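Letters A, B, C and D name the chains as they come in the text, with residue numbers starting at 1 for each one.
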């Protein structure tokens, strides 16, 4: 199967292409240097062409997403569309069903999405859902930050065993990377408590969040994992937490990267860049956080942009979610996972005229505008915490148009003038910068830049064409057109197949699931397993033999092999 | 002889995964670690051996081929204007997926056995969410354990031993001795007999009692009368003190709450109590789910349709509203004009009026066993037993997903095969 | 003698152990019964093992009486199944769940025979 | 002024989705146009013309449209759903979701209505001369607000969950109600002429007046003493104290 995209205005930052008319040749799902005359031709007609979108942090599958659906039938009934000859029925806005997840991402021109958190013990569930999300490639980050084995090995300062545990945990969960959520806090939530910063000691386990973060970064690099540690900081969602965030970021200096990427990715920074001491003096510290990123190359972040309206907060940060539910008088689900982590789900409605919400909204945009290098600040809404991913086009339009921002600022609570820098920021991102925040940068942060996020030869043939002619549009003024175009791709091509045309789904192939098979020396594995066997015998409620995700749950795997020991060739 | 270790039990929502099964010549000859319920199911019973059909429900069945039975099943569903596809709890998630697809294609209502069990709990979750935990969390931490309207000694025989009462855990090294066990029920059950404290509530008064506990907990004991639901105020105040004194408390509730007056509002109220207790100490609440994979149907149906059960596909898009779209709602209104009952026994577990309507309409049954639904069926398609002869996914009562083992080779087709063939045939009838 | 009782239904271990074997005598033995405390059985003037008729607004069924002194006075328990469901309240109360617990029942000794599962369901055809 | 009279042509056993039976949908339309409006019956996509005879007299916008339902509509759901203006006169019984989400106009029913009448109603008026079933003026599963505005009057009785999650508006039931009326009332007014049980649980705002007997009180109300409302003396309770509620419950 050959395909040729002609006359596209291509933005491919990795390969230095900035709107040039470049033909793209596709064969057998990959981008190649040329194709035969038999290739099907798509005439882009001068329209915007980018690599398929890549999302490094979105809650699309697994236990807590399904809890969100179960507790929110009022959300499910919005966004309902019946089945068609090609598609299954779609439901939901903040917590869509699996089919809507795949279709809606594809309709926006996205082709790769990573689920941001799975507990190992519930990973089978995550994969059951991932297997039913059509079209997109996907993967899931595995939680390690409050796992008993993690804390035991950190306390013992035994990095070999910790590395072996992380490798085994990734295999057990068919996970792609190391997620660390409110490290230590998950365990303390087991008795209804929390840590308040990175230096608190977790009782009984006798470790601090700082030690957990540093140790996980070390073993992440020992194992040479494609992605870095993916950190949800302690103290998330509390006024004044930017200090914890900065202190956490500084920990990155203690570890050297094993490859050309950050050693720490701090996620949904919107929720971690807060000043003040309470809701009364709450203010933005996005400038401090952005400033840190501007001066350091070993940490990256993503926005977690907030969207006004309905959202469903869901996170492994159990104590935060209880606090949220109490604050909002909202319904609350909690999901402790024995020996591993916690989670919580709480619906929220972000209101323009609530000062805290308005300030939060502005923080997300400030982070993107104040961080100079877009490779360091990815576009996310922490779906569906900040808002549903279908609103990425709104965020893109806001970032590309100061005019749109100023129009919006007029409609939100006046607090943004005193508490945020946003009203004075006139930076407008260009198509290349947007392509980085949604493609090249995300792929680089994930460690997938060889095949994802660009349009060079050898890349996956994941391509989006948007109905904008970059040389004929002024995004600053015509932001409505920008938003409309990025909402519904003219074409989305996934693995060389046209899956969306004019915003409509045309095919629903099943994408691949990325996971990492990291090798460690056999003796480290054996030593580590002695501890694991004990934990199963005494503390887990299931048998070790029934713990690991079986091959049946990952039918289209894309395995990335890494290891602490050199991998022999042939 | 083959010995299968760490096998999973396909009976109740505990899904115990530590069974040892001995197989000789494709027959299970011994089981270790299973309770009476699990052993009875796994050791096996009389099975339906071949597909059967009859036009008149008062006449005897005639054996037919699978092809004939599947064709007839497809015809019935294809012709129906208001089909109901009910059951699913004794089947694996792989079966649920095929069932939901078929329901979509024929515009059916799909509902599962939770409708007469814990569907009200889901309605309560819509109102208040569900602060819960995996069972190991309770085993390791819980020092106060409450069973409210549930009777694990009968319904979940290994629950107390494996997870909640006698089990020893990391922070609960002493097992039973380290835990305070409270049973709230309308009668002194065997579970109550094993408790440290039995709180006897008047039938139907659970809602009032929970409200009283919430009032006391929130510092408003003054508005609580001297006796609520047959329990003295003094005992209620003491109970609140006991609950508050926990380091990690857990409440397990059963059909005593879901089926009594106030229905799901009992659970709604109990969830609020738990949420409010979290202001003092850690608390979780968990439904004692019945069938081993009734939880799984809710999971699959939620991620595929957005709704946990009682989904009406009449208009091609999911619509959900128990009270309107649940199995008994449409049967009692005599709206259903054809039914498929699979892996659940509506004939035995629905009220008489619902079964009367089933007796009036074409019914297709897919099940390994002859049961009360067989008596009102026109087409009966026997299948292999999920979790014994078929491997696949089940969700334990706490939402932990597990892979059930195949213990012996099946001699009959699986549910998945039968549903796939019916779906293919329906497509043919539609001219696709 | 007649006993006015509140009827509840629910699981028992014997009902559960025979649930996949509903045509068997064991299932009937485990399920076609009604538990009352000894005082209430005394009011009826009969002994455990005797037959009683349980009548509600929704139907009538004959089952065997069984002693359970955990029941408070005036509480009748029939294990879930076709016999119990012959007399439960079908109203789903706007939420899909019939009334399996808390049904007013009138209980009397009877000589009528206990119907088998098949006979019971045959009445609905 | 436009008057549209519709009547079932045969007995309806499987519920029909009647959301198109509304002044907003009928106003200004010809018989033929009305007949061609969709009305799902089970999984069959049919039209109003397939199921009902349609007679149109005059022509006018929604606000000047009167719909008269003759015959048995007890299996027709969602009549008047989302209507903003006009009048529907129903001379018999109707099925569920009558006037759901309506924001204006008036619906008058001679007979009984099934559950969820006036669900999530925002405005307008619903008059039911017979009885109402469950969830009168209530919300949808999981929503925090049921009825927000408008007025519902039931001459007969209503079943459980009257005004569940009500955030505004007024419900008057002249007869008795089932259990838990005004559950989680957040600002509506409910007047019950007859008896009820377990009223006002989790109410944070609003008023419930019971003129008959309250069979069971939920132990979450503070007795404030006697108070006269329109020259009738009631016991006045406030609560639900658990949720810090400012709701008022008057019991005769």
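Rule of thumb we're sticking to: a residue touches a chain if its C-beta (ideal position, glycine included) is under 8 Å from a C-beta of that chain, and two chains touch if they have at least 3 such contacts.
In this text the structure is predicted, and so the values were computed from the model without any measurement.
Shared contact partners of chain A and chain D, listed by label: B.
With centres taken as mean CA coordinates, the chain nearest to the overall protein centre is B. For chain C, the chain whose average C-alpha position is most distant is A. Pairs C-D and B-D differ in how many C-beta pairs touch across them, and the larger number is found at B-D.
Mean C-alpha positions place chain C and chain D at a centre distance of 39 Å. The mean-CA centres of chain B and chain D are about 34 angstrom from one another, to the nearest whole unit.
The distance from the centre of chain A to the centre of chain B, with each centre set as the mean of the Cα atoms, comes to 35 Å.
Spacing of chain B relative to chain C, judged by their CA centroids, is 22 angstrom.
Among all residues of chain D, those that touch two or more other chains are 115, 134-135, 140-142. In chain A, the positions touching at least two other chains are 71-74, 77.
In chain C, the residues that touch at least two other chains are 93-95.
Chain-to-chain contact here is organised irregularly, matching neither a line nor a ring nor a star, and falling short of all pairs touching.
On the side of chain D, the complex with chain C involves touching residues 115, 133-135, 159-161. The touching residues of chain B, when paired with chain D in their complex, are 80-83, 106-108, 123, 126-127, 207-208, 211-212, 214-215, 217-218, 220, 222-225, 228, 261-262, 265, 269, 272, 276, 313-315, 320-324, 333-335, 337.
The part of chain D that touches chain B in the complex is made up of residues 13-15, 17, 40-45, 96, 115-116, 134-135, 140-142, 179-180, 183, 198, 201-202, 216, 218-223, 239, 241-242. Of all residues in chain B, only 5-6, 8, 17-18, 93, 97, 104, 122, 125-137, 139-141, 162-163, 168-170, 247-248, 275, 278-279, 281-284, 298-300, 302-308, 313, 315-318, 320, 393, 395, 399-403 touch chain A in the complex they form. Residues 93-95 of chain C are the ones touching chain D in the complex.
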